[in-house]
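Labels run A, B and C following the written order; every chain starts at residue 1.
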Amino acid sequence: MAVITLFRRYGTLIGFFAIIGFFAWQLPDTFVTPRNLINVSQQISMLAVVAFTMTIVMVMGDFDLSVGSMASLAGVVAAVLFAQGFPVWAGVAAALAVGLVGGLANGFLVSIIGILPFVATLGTLTILSGVAFVVSDGRTIFGRDIPSAFSGFARSGISLEPVGLAGLSLPWLTVIALIVLFIVWFVLEQTIYGRRLYAIGGNREAAKLAGVKVKRLRMSAFALTGLGAAIAGLMYASRVASANPTQGSGLMLDAIAAVFVGMTMSEEGEPRVLATLVGVLILGILDNGLTQMAVDSYVREILVGGIVVAAVAFSSLSKQTR
Amino acid sequence: MSLLAIDNVSKTYGRTRALKGASLTVARGEVHALMGENGAGKSTLIKILAGVVAPDTMEMTVDGRPVALRGAQDAFDLGFRFIHQELNVVAHLSVAENMAMGKPCPRRFGVAVDWPALNAQAHAALDRLGVGHIDPRTKIGRLSAGDQMLVSIAGALSATGEGARLFVMDEPTASLTGDECDKLFAVIETLKSEGASVLYVSHRMNEVMAICDTVTVYRDGRHVATKPVSETGKDQIIRFMTGRDVADAFPPRTTPVGERVVCRVDDVSTEVLCGIDFALREGEILGIGGLANAGQSELLQMLLGLGTRRSGRVEIASAPGLADPSDPWTHGVAYVPRERRREGLMLARPITDNVVLPHLTALSRAGTIAHRRRERALTAEMGGVVRLKSDGLAQPVYQLSGGNQQKVVFARAVGAAPRLLLLDEPTRGVDVGAKFDIYTLIRELSGQGCSVVLTSSELTELIGLCDRILILLDGRQSEIVATDGLTSADLLGRFYDEAHGGHAAA
Amino acid sequence: MFRPIATMAAGALALAFAMAGPALAQSVAVITPYLAQPGTQFYVDGFTAEAEAKGWDVNVVDTAGDVAAVISRIEDAVTQSVDAIVINVDPAQVEAGLQSAADAGIPVVGMDAGSHPLLATNVTSNGYAMAAETAVYVANRIGGEGRVVMFVFDAFPPVQIRGVIADAVFANHPDIEVIDRITPDVQDGGIADSRARMEALLAANPEAGSIDAVWAAWDQPALGALQAIEDAGRADEGIVIVGMDANPQARDAIAAGGNFEASMAQDFVGIGARAADAVERLVNGEELRQSVIYVPTKLITAANVDEQ
C-alpha cells in the first residue's frame, strides 16, 4: 500500500531519475559531464521559456496554441528590423512588444469576448503565422542582416572558470531560462496574483463571486504567455542566427506536453512551474541521450510520445482508483 | 423476507473513514428512511449501492442470495434505480430525450429515432407523476428547477417495467415546492403498492414522519438504530443522529438592532425584480421569503452588483451602488452563494486557499506578496469561529462533508468582519448539528453589528432567525413583515396571496 | 503491483538501446531538418548506401524542420565523439553547432548545404553550370534569335545564381530579346501564379510567333507556363520551354513531347555518395582543398527521359 502511494505521488519524478540513471549507465563517459549538462541546459532553454510561461495560463485551466507562431513572429520582426538597420535593442523591444500585444489579443478573445481558448488561440496561431510570412516575405532572414551582437549572444555566457570548470561557460540562453523560471515561480507561488490565478483554475465562478477580477486576470495571464513566447522566439533567432516564419512552430506541442507531464506530479493535477521544469528536462534529456545512443529519430519520437502518454495515463489511473 | 440486506460496509477515503462496518436492511414494499448528519456516511452508502464506489468490505444479499456489485451495470441489473439530489440534465435536449438517456430508444427502420413514440413514452411517465402538463418536447433547460427534478424522477420511475425493485432517492424534494412534493409522495405510495421499495434519504424530518415506514439512523459511519416510524419521534431521531439532545430552537436575539442604516435600497427594478425598497439597520437580520424562484437569489445578487438595474438606487455601507462583483468584498460586504459546490468552493484546493480568497490583498505584504503565515492564522481563527471540523487546513475541500464545506464558505464570508452579510440558503443540505452552529454564528455576527440578508425555503428558519421578512411575489416586493408573533401558516399564506398582507395588518 | 512510469520508461529505453546496436570505430551522424522532403531522402539514401558498403555506423537524425534542434543534435554528436558529421541545412544557421564540432576537431561535411568556413567541404550540384546548359539549349533551339520569357527568383540565393547565368547567355546573343523577367509568387509552389502571369503575357502578345521560348529557373514555373500555352491553344507555335531539377511532373511533360523540352537532373544519390567519399578522405586524415565538390548533372530531354 505504502509503495503504491509513493509511486502514485512521485511516479513521474522516479521515472525522471530512472531516465537519468539509464543514460548515465549507458553513456558513462559522456552523459553526466559538465559539458553535456550545460549543452542540455542550452538546448532546452527555448522550450523551457515557452513551457514556463504556458504554465501561467494552464494554471487557470486555459491554454495557448499560438505560442509557436508567436515565437516565429517575434524572431522575424526583430530580424526584419535588424535588416533595415535598426539597433539590436530596438529589434528586441519591438519583438517583445509584439508578444505582449499578441498575448493581450488572445486574452481579450478568451476572457472578454468569451471564445474557448482552443478556438481563439487556434485562430491567432493561424493569424500570427500569416503575419510572420507577410513581414518576412516568406524568406529566411540570415547572414549579414543579423548583427553579430545578436547572434553572438546565444554563443556566449558566464565563464565557469572561477568554479573550477575551465573552458566552460554557462550560456546566456540558460541564464535567461533560469531568470524566467524564477520570475514565473515567484509570480505563481509567492504573489496574490498567482494565488488568484490558481483560484480561477479551481472554480472560475466561485472566484468571481469571491471578488476576483477574473476577466482582467485572464487577460493579463495570456499577455505574459505571449511575452514568454516572444522571448523564446528571440532566443531561437539568436541561436540559429536567422529567422524564418515557421521556425518556432515545434515549440507549442512540446511545451503543452511538458506542462502535462509536470501536472502528473501534483496530487490534484495542478500545473506547477517547478514540475513543468521536470517535464521540460525529461523531453530535453531524452533527445540528448537518445541522440548520443544513436537511436533513430522516428523511434525517438515514438518513445517521447509514449512516455508523455504513459505519465499522464498512470496519473489519471491512480486518481480513478483513489 | 428482506429485499436488500447489507452488512459490515466499510470505506476509507485517504485518512477519512466514511463507513465503519455499517449495515442496512430494506424490506419489500416499504419506504425506508436513511438519516444522519452530513458526514455520517449516507452519500457514500448510496454511491456504493449505485456501483460507482467500491467498498473496502461489504456483505450484501438481495432476496436472501449473496450478490457482488462490481459496477453501475450490476446495480441496474439488480433493479436499483437512483434519483439524485443534484440535477443531472442536459439543458439543451428535450424533456423526452433527457428521460430516454441511457435506455433503449424507440426506433423506426432500426436506425431513426421514433420521435412520436419517444414523446408518448415520456408523456405517459410524466402523467403518472401528475405533471402531464409538461410538454416532452420542451428543452429541459427552460423548466424551473422543481420541474426539472420531477422530470428526472419521472425518467427514473419509467424504468419500473424493466425490473426496478428499489428506488434510492437522495434528497429528492430539495428543490421542489410543497405542491410538487405532494405529487412525488403520491407516486411513492403507488410504487409501494406495486411492491417496490424506496430508500429515502432526507434531512426533512416532517417528510420522513409523513411518508416513511421505517427509519435507519447513521452516525459517524456506523449504524445507530432502525425503528418503525410509528414507534419513534422527531426528538429521538435527532438524539440518534447527533448523539446528544439538540434544542429545536433558534438562539434568541440578545442585543438590540442598531440605529444606523447600513444598506438602503430605493425602489429598484431589474429584469426579474420589481419595486424592491427597504432600509437595513446595523445588526438587523432581514429574511427574503416567497415561493421557489420568486427572485430571492436575484435580490442578493442585485445587492452584490450583478445583473443590470433598470431603475432605482442601492447604497451599501455608505458607498454608492456596487457595479462589479469584486467591489462588495472591499466594502465590507460578504456573500454565501446558494450552490456552494458550483459557486462557492474550489473543491480540489486546500481549506486555507478557499477561506482567504477574498482577503488576499488585505493579508498580503505590500499588496503583492502572499503572506502564508497570516493566511493560515486567519483560516485557523475563522475555522474556530464557524466550528469547522477537518484534518488540517491543507486538506482539500472535496474531502469534507457537506456541512463542513458550507462552514468553509462561511469562514470565508466572516473572515474580514463584514458589515453586511448576504446568505443564500445558508443551511441548504446541512445537517441538524451544523445548522444550529450556523444559526448561532449568524446571531453572534448580528450581535456584533453585522447586518444580514438571508433567503431560506424553510419557514421556521425565516421566522426564528430574522427580524423582518421581505416577501417576494414573482419578483415583486409585496410587503415587509415583522416576525414577532408570525406563524408559519400565516407566512406561507402571504407567499401565495397578496390579499393576505392586508388581512394580517388588519 | 508495479506499473508506474518508471518501469515503462526503463523498458522503453532498454528497447531503444537494443535498436542502437554496438558502436563501431567509424561512426557518422547525418543531421537534417528536412528528411521528409524527397530530395533529402535521396541524398541520405545515397550516403547511407555508400557508408554501409564501407562498414560505417551511420545515425540519421531528423529534427522535423527545427533548425535550432540541428545545433542541439550536432552538440550531442560532438559529446558522443563521432568521427564525422554530415549536415543538410544552411550552415550559417547552425554556426553554433559547427563551432562546437570545430573545437572538438570533428569534421563536418555539407550535402547541398552551402559554403561555410567551418565546413570541411560542401558536396552539391553546380548551379552555374546547370543554368548555362539550359540557357544555351534555349539559345540553340531558337537559332540565336527570338523573344524569351524568364522565370526567376532572386530572393533565394541558389536560384538567383541560375538567373544570373541565363541573363549572361541571352545577353551574349544580340538577337535574343528577353521580353519579361518574372518573379512568381511561390506560396503555393509556384505553378498557379506562373500560369496566371504567363496567361497575361500571352494575351499581351497575341500574334503567333511573338514568343519563342520560356526559360524557368526551376520546374514549377515551366509547368505553369506550359499549362497557360496549351490552354490558350498556342501549343503548336513551337514555343520552347525549359525548366530545372527534373521533378517527376516535369519528366512526364518532357516525355509527352510537347513544348516542355528540357530540364536539368541533379544526381541526388550521387551527392550522398560523394559526401561519403569526402568523409572517408577526411577521416583518413586527408586535407580537402576544395571547399565545394560538384557532382555532375544531366540535361534531360525526350531522348533520355526514360532512363533512370
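We adopt the following convention: contacts are C-beta pairs under 8 Å (C-beta built on N, C-alpha and C of every residue); 3 or more make two chains touch, one makes a residue touch a chain.
From a predicted model like this one, the values you see are computed outputs, not experimental measurements.
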Using only protein Cα atoms, the chain sitting most centrally is A
Need the most distant chain from subunit B, centre defined as the mean of C-alpha atoms.
C
What are the two chains with the top count of C-beta contact pairs?
A-C
Whole-Å separation of chain centres (CA-atom averages), subunit A against subunit C
34
Quick one: report the Å distance separating subunit B from subunit C, using the average Cα coordinate of each chain.
72
Averaging over Cα atoms per chain, report the distance between subunit A and subunit B in Å.
44
Over in the complex, which subunit C residues touch subunit A? Could you list them?
1-6, 8-10, 12-17, 19-21, 23, 27, 29, 35, 57, 59-69, 71-73, 75-77, 79-81, 90, 92-96, 99, 155-156, 186-187
Touching subunit A in the complex, subunit B uses residues 13-14, 304, 324-330, 335, 337, 342-349, 353, 357-358, 360-361, 364, 367-370, 396, 412
Of subunit A, residues touching subunit C in the complex:
4, 7-8, 11-12, 14-15, 18-19, 22-23, 26-27, 30, 33, 35-36, 39, 42-43, 46, 133, 137-140, 142-143, 151, 154-155, 236, 239-242, 246-247, 249-250, 264, 287-288, 290-301, 303, 306-307, 310-311, 314
Residues on subunit A engaged by subunit B in the complex (per definition of touch):
190-196, 198-199, 202-203, 205-213, 268-270, 322
